[in-house]
Amino acid sequence: MSDDDFQADVLSVSERMAAEALIVDVDGFEGPLDLLLTLSRTQKVDLRKISVLALAEQYLGFVEKARHLRIELAADYLVMAAWLAFLKSRLLLPPDPSEEGPSGEELAAHLAFQLERLQAMRDVSARLMGRDQLGRDFFARGQVEVVERRKRVSYTATLLDLMQGYARIRTRDEFRPFVMDRESVMTLEEALDRMRHLIGFAGEWTDIMSYLPEGWSGDPARRRSATAANFAASLELAKTGAIEIRQGETFSPIQIRRKPND
Amino acid sequence: MTDETETEDEAQSLFEAPPMGEQERMVEAVLFASAEPVTVAELTARMPHGSEPAEALVHLRKRYEGRGVTLVRVGDAWAFRTAPDLGYLMHKESVETRKLSRAAIETLAIIAYHQPVTRAEIEEIRGVSVSRGTIDLLIELEWIRFGRRRMSPGRPVTFVVTQGFLDHFGLESARDLPGLKELRAAGLLESRPPPVEPSEDDEDEDDEGQSELFEE
Amino acid sequence: MTDETETEDEAQSLFEAPPMGEQERMVEAVLFASAEPVTVAELTARMPHGSEPAEALVHLRKRYEGRGVTLVRVGDAWAFRTAPDLGYLMHKESVETRKLSRAAIETLAIIAYHQPVTRAEIEEIRGVSVSRGTIDLLIELEWIRFGRRRMSPGRPVTFVVTQGFLDHFGLESARDLPGLKELRAAGLLESRPPPVEPSEDDEDEDDEGQSELFEE
């Protein structure tokens, strides 16, 4: 792979047109490796005989052009560009015996291997999807036998259920902000449940506030929630005809009592 | 005029009905795959022009005589049925499958991930008490069993998952269950807030994927 | 003594396995009744004591050769499927399958050819991160499942393909994947670590990956 070869490549008109087409399409690539694979096709040789140096140049040229056209490239494209620039310098300079690590040739060989492997995987995915498929080209029995009643209950769950169940438990805390803090909230159901039992004893008019459960009248937040729940529950009970409700004047205590039986 | 007739003839030969053996195969395949019995009219409509499914059905019926499966007529339609004398082989098929309750799934998941684990520990993780029925059901399903007693006060029993559990869930070992990070990476954490841009294109998510990739 | 032997003989004859022709009918009926592949073990469990479903399957497969419905092998299970050349007759039956994204198809292929394979390896091969939805989708389709954890740092989970995958693509086993031999011969299925500082490479992974694929 000589430098001249590469110059010729880059300067050819068709090459440049191809490169421009690529730039327009930059979103269509699945990352740097995909782009490199596409660029390598312009060399029109077997992937095993590809010139990695030329490819590096092509890629760097591509990035340069993108920069020129002010197309913003994702970070991984730039990382690849930096790496290829490094590779290029290794390939061009005579090897320094004192230097640690793999040689430029080894790195280039690995990149060629990656490209060949990616291409191979693409080829076999196409072959796989081109196969006859169940439910499209060949079919299973349409009418599964309905069998006699010798029932045995079998419980099923999929691995997905299991993992999601576990995830649900383990992530409960993380998502705390999204759920109501149940500690200081009394629900209508709770209040209703409680008052239904208590109301049997309330033959006389009693202040609704006296129905607050123990431990709910101190802390303002809890007190507020319990009051609201009790009030709503009282309205509910009044509606069903279980109790009567009255208030002397605005802001005065609200009182309730069991509806006389007569 | 003559030209047209010729063309017609050609068309005729182009659409010549397939040989009877081939028609028999077609009827066989269609009846097999269909969820309902199929009428002759339906067969005619599906098969190549000129086919005679009624005749193919006669051959096919003969072919399946005495086999484990027979071709039967249901009203004016046709269907394959297993031979009546083999009905006893089908009994085991009659299992009613029920989805495991959420409580049971969660309990099972905790045992799988934390085994050996005591009942109190399960309750602590789930935040609610575990009903007896749940544990009993899981034991009955042979998905969990008693492990060694814990060497702590009260020496509580522990629970572990069984080989049957691994078989059912297609796992090689309980240690192969993915961890939380892996679950999240695979998009299996349902309680996660939805992605900002629900786009069709998978690749849009790369950036996010990247950062998670390096957390692993 | 002699008495006992006689009794045993009698018992033996009582439970004598049915003739092979009869066993063939049984296998035929059971497989016909099920939409899912049935394993030899399941057949053995269902059929009378002493039956040899494996042999019956050989006969049955021959009998259905070239018919409109054929007997196919899926992993260690068997199923009847319509002949692929008649697919065009069945289009009413076909359910529109979700179109898979290119990322999903490639990920599936990589898992099939490189199994067991970790997420990081898939990403290394494709050169991009695997988006969350992709693995999720493939698990949901029941085409992939979790394999054994890799015995490398971090003990990452691996993915392998399922029997459902084989069934869907009409493969007897993962060994029958198209082009597998050529890829292996070309060294494209080896997990070749990138050449970095010599201290870091752990090559012990290759062998494991390869051998496990063929243990199945």
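Going in written order, the chains are labelled A, B and C, and every chain counts its residues from 1.
As a working rule, a residue touches a chain if its C-beta (ideal position, glycine included) is under 8 Å from a C-beta of that chain, and two chains touch if they have at least 3 such contacts.
If you're wondering where the values come from, they're calculated on a predicted model, not measured in any experiment.
Remark: the per-chain Cα centre closest to the mean position of all protein Cα atoms belongs to B. Farthest chain from chain C, judged by C-alpha centroids: A. Centroids built from CA atoms put chain B at 26 Å from chain A. In whole angstrom, the spacing between the mean C-alpha positions of chain B and chain C is 14. Taking each chain's centre as the average of its CA atoms, chain A and chain C sit 30 Å apart. Residue positions 29, 32-35, 80, 82, 90, 92-93, 170-171, 177-178, 184, 188, 203, 206, 210 of chain B are each in touch with at least two other chains. In chain A, the residues that reach two or more other chains under the touch definition are 30-31, 76, 139-142, 145, 147, 159-160. By the touch criterion stated above, chain C contacts chain A in their complex at residues 32-36, 79-84, 87, 90, 93-95, 97, 100, 102-103, 105-106, 108-110, 112-113, 125-128, 139-140, 145-146, 167-171, 177-179, 183, 186, 188, 192, 194-198. Residues 24-30, 32-35, 46-47, 66-69, 80, 82-83, 86, 89-90, 92-93, 170-173, 175-179, 182, 184-188, 201-203, 205-206, 209-210, 212-213, 216 of chain B touch chain C in their complex.
Every residue of chain C that touches chain B in the complex is listed here, in rising order: 24-30, 32-34, 45-47, 66-69, 80, 82-83, 86, 89-90, 92-93, 101, 103-104, 119-120, 123, 128-136, 139, 145-149, 154-158, 162.
Residues of chain A that touch chain B in their complex: 30-31, 74, 76, 139-143, 145, 147-172, 175, 178.
On the chain A side of its complex with chain C, the touching residues are 30-34, 76, 100-102, 106-107, 110, 113-114, 116-118, 120-125, 127-129, 131-142, 144-145, 147, 159-160.
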